[in-house]
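Here come two complexes built around chain A, the first alongside chain B, the second alongside chain C.
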Partner chain A sequence: MDSVTNRIHDFKSNASIIVKSFNSEYKKTPLRIKVIDAFIVYALLTAAIQFLYMLCVGTFPFNSFLSGFFCSLGFFVLSVSLRMQVDPSSTEFKGLLPERAYADFVFCGCLLFLVVWNFMG
Partner chain B sequence: MFPVLLLLLSTAFTCQASSQKVLVLLDDFKTRSTHSLYFNDLISRGYEISFKSASDKKLQLKDWDEWLYDKIVLFAPTATGLGANSDHTTLLEFIDAGKDVLVAVDSSASELMRSLAADIGFDLDARGASVTDHVDYVKFAMADHTLIASEEFMQSSAILGNFTDSAPILFKGAAATMSPESTLGISILGAPETAFSHLPGKPVTDNPLVANGYASLVAAIQARSGARIVLAGSVDMFSNAYFTTAGFETASGKRFDKAGNRAFCDEVTKWAFHERGVLRVTNVHHSHAGEQEQPDWYRVSDDLEFGLDIFELVGGVWQPFKADDVQVEFVMLDPYIRTKLQHNEQGHFYTAFKVPDVYGVYKFVINYHRAGYTPLELAKTVSVRPFRHNEFERFLVAAYPYYMSVFSTMAAFFVFGFAFLYHK
Partner chain C sequence: MAFSLRLFSVVKYESVIHEFDPYFNFRVTIYLTKQGFYNLWNWFDDRTWYPLGRVIGGTVYPGLIWTAGVMFKVLHAFNIPINVQEVCVFTAPLFSAFCSLAAYLLVKEIRGRGAGLTAAAFMAMVPSYISRSVAGSFDNEGVAIFALVFVFFLYVKALNTGSLAWSSAAALAYLYMVASWGGYSFIINLLPIHCLASIFTGRLTAKLYIAYAPLIILGTLEAASIPVVGFNAVLMSEHFGAFFAFGILHAALAIRYIKDILPVKAYNAAKTLVLTSGVVLMSGILLLVLFYVMSSPTFGWTGRSLSLLDPTYASKYIPIIASVSEHQPPAWPSYFTDLQAASILMPAGLIALFWPLTPASLFLILYACTAVYFSGVMVRLMLVLAPAACCLAGIALHEAIATLFKGVHAARDEQESKPLKEDVKAKKPSKPAKAGFWSILPGFSETGRPIPRDAAIVGLLGLAAVALFYTWHSIWVSAEMYSAPSIVMQTRGGDGSIHIFDDFREGYAWLRYNTPEDAIVASWWDYGYQTTAMANRTVLVDNNTWNNTHIATVGRAMASPEKQAWEIYRALDVTHVLVIFGGFIGYPSDDINKFLWMVRIGGGVFPDIKEKDFLGEGGYRVDTKAGKALLDCLMYKLSYYRYAEASLMTTGQLGFDRVRNVQIGKMDISLEYFEEVFTSEHWMVRIYKVLDRPARDGKLPNPRSSRGKIRRGSS
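After this line comes the complex of A and B, so read on.
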């Protein structure tokens, strides 16, 4: 019994250490990136809610479900791409201007919404 | 319009008894007087009768591709040839042309008669074999065990009309069997349980052709050409002697006031000569539910109505057909819908159903085959199309959450622009 409680205790302390270190590290993230993260979480949540709703009421109307679901997912993917491109800690897109990255994001977003609107019916 | 395939037997429209020509082929002209009652019954129903000898070398059934007769009565069991021919091919051509033949043979039937019987799907028992009943033969002056009385007639108003007479039918002759796989053959008169078919006077050493249930005394077939052919195993059953038999007793002690031969033979002939059991379809119609116009196509899940009129020939008059077992199928390779048709006692058969949710080219199919009736085979093509792009329902309440998510995501996209551009 002792070993089990010890293990649980260890796990709890480890988890709290991870959360604490994440929090402290995340505080160093620039505000702009934090804003992007907020929208990413929002996009994921709407996608998850729509999926649950689909499970409850069934797949009809399927085209509406697909367009709503993929709209959220697409927004999520585009936001993640933008985050990767404007993150100052990343070296991958060193030469890329944040304005250029944002312009790409807007263009792709418009394309996404155009498709979604046509399919939503 | 899509092509309409209406397979109706042409004979269904040409079956007025009036002034139809009947050829009676005999092997012995005495038959003309010994069977005069039967022939008079034919004449009184409006037939024009000509008597010919089956061996008449000048016998002609066809003149320049035109048949000279509408029906043939073949009372020539011993004939070895038909006219100048030694075989029966002209007779088979006659049948293939949709014309009716009534054949009566007896136990001495010739090879010609046997091969004719075989070609129409019946197998006559060996030459000389007679239907014999040692238990229940008919007692006349002479004790003849091959004269029997059968009550095993088929219960079919299509064939025998209102022949509900329980008088048995006197019979003396040969029995025929038909293949159990035969789909067109009908046994109109069976043999009594105690009867069997064998050479009279010879001891029975092998299994005789068991009469009951297997052999028929009077058999019939409705060919796919529309022709009706009746094969009676006895010429005598059509004779005046049997028609007028006043009363008789069977060996088992049953007494009967009369024989049913006259009524039975007349009814069988009426059926064989298309005076009865003929069905006609008119006014095949389908439409959207509640409408009159017949469209070329339907949309999946449409409600439609289907109807047709069926008439039956009764005594020369078309009367409404009454049956509860007529079905219509809605077929695209497989029947997607098979349903019974209701009728209004006036001959109008109808039903309503929903088009299945599968698009393609369908057929309304009526396939009505009943013993004694002309078959109804009818197919009508109609196409079923899917929904058009603007026929789907829109702005469904169930889809509101999805619409909301799209709007909120777009709003988020818009707000995101400000949040991103004004934060360093």
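After this line comes the complex of A and C, so read on.
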């Protein structure tokens, strides 16, 4: 019994540490990145909601479900990529202009919409 | 050069389309050019699979047909009046040239320009790929291999630059690949393997994510938009690997992100948190997937990919897949004929890739390893191996040349070997790599001490000889072995003269002009495409083997005694039966040799056909010791009907079969329910009419003379 409560206590304290330090660290990220982060979370949430809806209601227009789900997922992926590209703290993309990264993002987004629109049926 | 090497077939024969499948593609292309792109999706073909028909638009990989159609339209837009057939004949050589370019780009991206050049040279001449892309073989593989290499190039490019634009370009190329060939599942499985390997060897970068994740999302949606793939893109097990790696990639990235942002202590706690929750989530999803997969009998795999993973699977359960010769495991010599020098240089290239091991070279290593395995299972997949082997051989050759030249130059600094200018140029890039590569060989020290000059020159000459032999071999192979269209046969007589057998086209032309428009022709499925394309008649089964039962029915009819076969054919409204017979001229791939497969496939659905009834003493034979059922069956009768007398004239022996080199077991064959209406010049194509009611007097009046009259009258 004791060990279990101990563990839970441990876990709780750990979790609070994580949340706290995450909050404090996250405040340092620039605003632009925060906006992208918000969009990422939004896209992920949309995907999750669609998936839940599919579980509850059924897959019937499978085309529509797939295209909707993949659309949100696709935007999630694209914006994660964008975030990694424009993140000033990363060293991998030194030579890349943020403008170029945004242009690529828009292009890929258009392509994604085209494909989804084609598949929606 | 890649283009011109493949024109041997046009020079030697004429501009015809080869083999079986290309005839179908050709027919669909004609439809496309006449009816337009949109009608193709809705085309219901009633000329095949009688009485079922086939929805062409939903069951065909349209990439090749689009390509040819677009080329045709573009040429006509410039007012160049060209026939559809010419476009189709020259599509494959053109794309093999593109493929060399793609190989150059891929290897350049991995290893630098010199290696790219040698790889492209290998690619241009690799016999295995020539076999599928000679002029006239208008087959999916011709464009698909180009698409394959191009997807890999774009993926590696995205991996190196970390740019979303390249990644989406890779997704577009992937769309083209999916549209052209079922082999796209190779890509969708190879990429996750590479992704996982990168993660677990600690090479996770943001660039990997950018190259991989958008490709999976976009690629899956695109694949699902191609009707023949459809929902399989998310439902079949072949594709689950990609999603699995996708999930792992995200978990790994999340961990990395947290590591960057959190202090150490919190990181450790958070890592366990993410890992445990990730594992729980993944196992939940995995359970769901497993449940789904287990609920289907084949575990969600298609038969073809199952036979790849378990090489014995097809021969056990699906005789129809095993019956196609190109689905069988290759023999060792075929590696040598198909790859020649590349197969020797390949391991060296593989080792060279480890110095230095970048994510891109890791990709090529994985590609080569998996391709070697797959080609070991199926002859056809030798094609997938070919680009890998060429890239590796190109790298190996380049490294060797560069090292040897370094030896030459170090010994004497002036340039003696002017004639080999290209090689000198090729030497410049990737200098740090080669020292490491050669250091593994005994005798060359770690410091990259140059090789003695004499040895270097001998080595260079040796390499030049290898390259020359490779070229010579490839040209010989493409001229002699792979240019034969298998619809026009060519043999050399004892005096060196060349005989050309054009029996197939003779037979199909007879069908086209002498049978009613709605005639239904039964033949073994190999000849289905050709019959619909060249004779324009309805067939029962064709090379798109989607309905096993239907094929088994035809196999059963061929294996039954005459009366039963007649009943089966009447039930299917068949008016003509076509058999291919090679005993007269010694053409080995005729119906008698394929007959055991008919029995096996037929027996797979109808258990009353047993293979052992058809086997005589000591195996399959057609002489007097043949199995009793074989001597009675329809195929035997149709093949050898009236053959005994004919062979007396040519071979001097009654009923002597030149393919199997035996005297046939039954001479006086009479037909009650079928009537011979046509036999081609060399007896290769024999066509019989299915009679309405049995003929009363067993033997018919000599049909050969009456046939002569008909032909003279019609021509």
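As a working rule, the second predicted complex is superposed on the first by the 118 of 121 C-alpha atoms of A that agree within 3 Å, B and C clash if a C-alpha of one lies under 4 Å from a C-alpha of the other, contacts with A are read in each partner's own complex, and residues count from 1 in each chain.
Just so we're on the same page, a residue touches a chain if its C-beta (ideal position, glycine included) is under 8 Å from a C-beta of that chain, and two chains touch if they have at least 3 such contacts.
Every value quoted in this text rests on a predicted model; they were computed, and no experiment measured them.
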Q) If you stack the two complexes on chain A, which partner ends up touching A:I40: first (chain B), second (chain C), both, or neither? A) neither
Q: Based on the superposed arrangement, let me know which partner A:L31 touches: chain B (first), chain C (second), both, or neither?
A: first
Q: Give one of first, second, both or neither to describe whether A:V115 is in contact with chain B, with chain C, with both, or with none.
A: second
Q.
Looking at A:Q85 after the superposition, I want to know if it touches chain B, chain C, both of them or none. Which is it: first, second, both, neither?
A. second
Q) Which of the two partners, first being chain B and second being chain C, lies in contact with A:S67: first, second, both, or neither? A) both
Q | Common interface positions of chain A, toward chain B and toward chain C | A | 67, 82, 116
Q. In their shared complex, at which residues does chain B touch chain A?
A. 392-394, 396, 398-399, 401-403, 405-406, 408-410, 412-413, 416-417, 419-421, 423-424
Q | List of chain A residues in touch with chain B within their complex | A | 30-32, 35-36, 39, 42-43, 46, 49-50, 53, 57, 60-61, 64-65, 67-69, 71-72, 75, 79, 82, 102, 106, 109, 113, 116-117, 120-121
Q: Enumerate the contact residues on chain C facing chain A in the complex.
A: 162-165, 167-168, 171-172, 205-207, 209-210, 213-214, 217-218, 220-222, 224-225, 231, 234, 253, 258, 260-263, 265-266, 269-270, 273
Q. For chain A, which residues are in contact with chain C within the complex?
A. 14-15, 17-18, 21-22, 25-26, 62, 66-67, 70, 73-74, 77-78, 80-82, 84-85, 89-90, 92-93, 96, 100-101, 104-105, 107-108, 111-112, 115-116, 118-119
